[in-house]
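Each of the next two complexes has chain A plus one more chain, namely chain B in the first and chain C in the second.
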Partner chain A sequence: MKTLCSKISNYIKTLVERNHNFRTTTLKDGSIITRPFSYSIMTLALTFAVIFFFWNMIVTRFFSEFGARNFFQNIPNFFTIIKSMVVDVNWSYFSNILGPMADTIRIAVIGTAVGSLIAVPVAILASQNIMGKSRIPGVVKFFLSIIRTFPLLVYALILSYIFGYGPYVGVLATIVFTFGIITKMMYEIIETTDMGPFIAIEATGATKIQAFRAAVVPQIMGRFFSIVLYIFEINLRASAILGFVNAGGIGRIMNDQMALRAYGDVAVMVLGLLFVIIVVQNISQYLRGRLS
Partner chain B sequence: MKTVIETYNDRPKHTVRNVLISIFLLALIIWSIPVLQHDRFLGGAEIAKNIARAFINPSWDNIFNTRVDGIPYLMFQTVGMAVLGTLLGAILAIPFAFLTAKNIVGKFNIIGNTIITTIRSFPFFLLLLMIIRVSGPGEFTAVLAIGILSIGMISKLYIEIIEDIDPGILQSLDALGATRLQKIRHGILPQLSANIISVVIYRFEINVKNATIFGIIGTGGIGTTLRLAMDAGRWRDASAALWGIIVVVVIVDYFSTKIRKKLIDG
Partner chain C sequence: MIEFKNIGKTYPNGVVALKNVSLTIEPGQFVAIIGLSGAGKSTLIRLVNKMEDVTVGSLFAEGLNIPTLKGKALRQYRRRVGMVFQSFNLINRTTVINNVLAARVPDMNPIASTFGFFSKKDKLIALEALNKVGILEKAYIRADQLSGGQQQRVALARTLAQNPSIILADEPVASLDPITANQIMSDFERINKEENITILVNMHHVDLALKYASRVIGINEGEIVYDGSTTDITENILKTIYGRELTDEDIMFKDK
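So, the complex of A and B:
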């Protein structure tokens, strides 16, 4: 892959050099200025061509399914929804959202905790400087990059067919997702730590695990916790949508109330969710500031 | 003169703080344990086996189908939604950025800040459901939603750049007699191009994943195909869509990382 890419880029470079034009301008007093011909216009034209291509592809389906005239007619719908959210706020619905909201937070807590615990040993396996010259890190990194390609909702969708309904599925999906991200961030940090102390302690006769514990752990501890907090924030936002595939949390009742056009209830849910997210965000920002 | 051991034993230990934090975390986890209750296990092992088998052997007809419902077309469509959405977000973010930059509106940037924070923390699927009411369940909805959701991040970047513009360069171009267009072309664009492009590409990378998620909620593209195939139990078609997602994301990741590295290193 790498050699192929470098070959292609070399080929493009030679192509550009061969076609490297110079633009000459003659000034009024007869002197000649030579300057390189700019490719920016060509790049711009190419970009527009690509965008036009995609636009065509989407718009053909869009026009056949819905039609542009309906779009402009329906724009007021958006503001009607917002208006009814503000006007008919239904505070009596508040008692109904407490359970699902607690579920959302619980999914994020358990998912983040378990996922980050599993991530630690795998991150060590994936970092080249700890494992020496072995081939394990390459293989582990390859599998991690495949795990990371799927968004949380795709995992929840797949797992919901295997395990049925309920927040349990959301927890499992969050664990897999958290594991993928945290492992990547961790091995990037481990690979950039100062390896001097590790080598020194290994030279005194300590095993690799002891050396890791004494030399690397103090360097990465603070950053590990700040990553976990950051991922917890992300998971909290993301676990709200798990309800769409029946994987628990507040997303499910939100979807139902939206389908029933009970916008007053939805407004209460949004306010609750915003409150939780902002509180958690502020706490985690404060803690992360203290850690670093 | 203390020995090394004594100094080591006198190190700050933060015992009280660590114990308090541990108790808090433990309480949080114990409070969350009820979520793990699960009694339904409806023949899941059989489905898991089928999914795993289908993942290894996806439906090759779908993968090599070059018509509108084939996987290659859907892959291009997902990328297209992300491209157009990111572009829309980059355009929509301009007014927000100018209304929030400190050196333009001064103290009144609280209003703009509030709007941007609300967009950033508003539950995005709700916005998507609201937009579906406007433009119907189609690819165009995904473009609109991606555009509106990108405003938060992209306008934040614009603000930083607007606040960082060096007024000296503009003044010296003024002194040379440059027109307004020339000032923008030679004074402002070179200052911000690399930074803007690298963040917009990063956002594009996120938006490719978002386009898949939106598809699952119902806005077309590869996500909808995946969901429909799974609902019908056509695991081989579903796994073809999954492989499509993997290929798109890996290719986009690879090139975006490469381009951003090049932009940052110069």
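So, the complex of A and C:
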């Protein structure tokens, strides 16, 4: 693939070089300046090719396998559920959702906090600019990319096979998931910080850790908390469905009531979840605004 | 005392920065190193605190064999060698006093430094250092709100706060205007005299070097072509350092 790409780009290059006069500007005094070949048009063309490829595939499969008629015929079912949720809304169920909802919030809070705390030292180990010529960052990044392969739900599923059922499985899954994302985002931030102050503090006889604390932490602190808050939002939304794989929280009873077709109870849960998520989102947005 | 003996430095990419350099710098001297860009001035300075490693030859400073220093011994030696950079290298997002206190970090206990708790004594050292360079009143302002000259003074104060016996300055005034450059150089001169700190400074401005330093080392293509007092410098010597005669246009700040 790579050789093919370079072959194509070389071909285009030679084409361009052969009649590159339109890229060359001659000034009054005879000075000549040539604009170098730009890859941007090629990148754009490639992007469209990829989109077209997938689009074509998905649309074709949609009409052949799934069946467009089937799709359109089933649309009214959606409104049937919505209707029964609105008509039969069962407010008395509200007291039943409080416990699981608190579990969901706890899972998100503890999972995010612990996961991001563990992420900090590992993110430092993964930063090439802090670790110098060491090979550790490469190895750490490799393992991190493996951790990031699985989504939260898959972790919850795997962990529930190992540790059984309950909210603490949700917490464990959230920790692993949070850890994977935050280390990645943090080492990218650390690797792009201004290293001048770090070098200066190291030159005063400080260790790498001391120099990191004194010179890098003030630069990345705000962005770190901003990322943690954002991941907390994501985790809260995700931990609502953790219960579907028996990892605790509101998802567990939601799964049950849906199976019983008790849409009136589900409606209360959806509204409760909506309320909590909107509140948390607004608080987090406000705090992140203050941080930046 | 800093002693270079037949030092050569070749970078991994094959660039020969220094060839057979031998020098002795006595304590308390104010030495200016001049030469064209790429002549090896920065390398010479960065060898002293082992920011670069010597390729051949030996280097002694403060009675220590510098190329062999490692780990804790190197860090303890670096406590006594201050460094000032062209780009100041301040921590922009924090206050001036926190920048100066950063130089105290290596002497602190790890828990206090992790949480950024500085002792009264350290704070006093930092404030005294700021006072010595005349920007005490800026102590609680964020570093990125200062002008270039003020930032370089903070960097100088940070260096003073580590109580060094040697200060290395890598083009400290290259990004400053002529008047501020003069002020910073006179700060260096005063520190050199009052605290008896050895100062090695890289410079592009020949006239500033001649005005403030007591000794000038001229480097051309990695070799020392002049080493002597500022008063003995002639047009001919400058010609060997820079490869051609300096005209009035090359001298940025005429003194007379």
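Keep this in mind: the second predicted complex is superposed on the first by the 218 of 292 C-alpha atoms of A that agree within 3 Å, B and C clash if a C-alpha of one lies under 4 Å from a C-alpha of the other, contacts with A are read in each partner's own complex, and residues count from 1 in each chain.
The working rule: a contact is a pair of C-beta atoms (placed from the backbone, for glycine too) under 8 Å apart; a residue touches a chain by one contact, two chains touch by 3 or more.
Not measured: the values here are computed from a predicted model.
S.K.: By the touch definition at the top of the document, which applies to A:196: first (chain B), second (chain C), both, or neither?
M.R.: second
S.K.: Considering only the touch criterion stated at the top, classify A:230 as touching first (chain B), second (chain C), both, or neither.
M.R.: The answer is neither, since A:230 touches no partner chain.
S.K.: After the superposition on A, what does A:94 contact: first (chain B), second (chain C), both or neither?
M.R.: neither
S.K.: Which chain, chain B or chain C, is in touch with more residues of chain A?
M.R.: Chain A has more residues touched by B than by the other partner.
S.K.: Could you say whether A:51 touches chain B, chain C, both of them, or neither, answering first, second, both or neither?
M.R.: The answer is first: A:51 touches chain B but not chain C.
S.K.: Could you please specify the touching residues of chain A with respect to chain B in the complex?
M.R.: Of all residues in chain A, those touching chain B are 50-51, 53-55, 57-59, 61-62, 65-66, 70-71, 74-75, 77-78, 81-82, 103, 105-107, 109-110, 113, 145-146, 149-151, 153-154, 157-158, 161-168, 171, 237, 240-241, 244-245, 248, 251, 254-255, 258, 266, 270, 273-274, 277-278, 281.
S.K.: Across the complex, what residues on chain B touch chain A?
M.R.: 25, 28-29, 31-38, 40-42, 44, 47-48, 51, 68, 73, 76-77, 79-81, 83-84, 87, 118, 121-126, 129-131, 133-136, 138-140, 143, 209-210, 212-213, 216-217, 220, 226-227, 230, 242, 245-246, 249-250, 253
S.K.: What residues of chain C sit close enough to touch chain A in their complex?
M.R.: These residues of chain C touch chain A: 49, 51, 74-83, 85, 87-94, 98, 102-103, 105-106, 110, 113-114, 116, 155, 158-159, 162.
S.K.: Along chain A, where are the residues that touch chain C in the complex?
M.R.: 194, 196-197, 199-207, 210-211, 213-215, 218-219, 221-222
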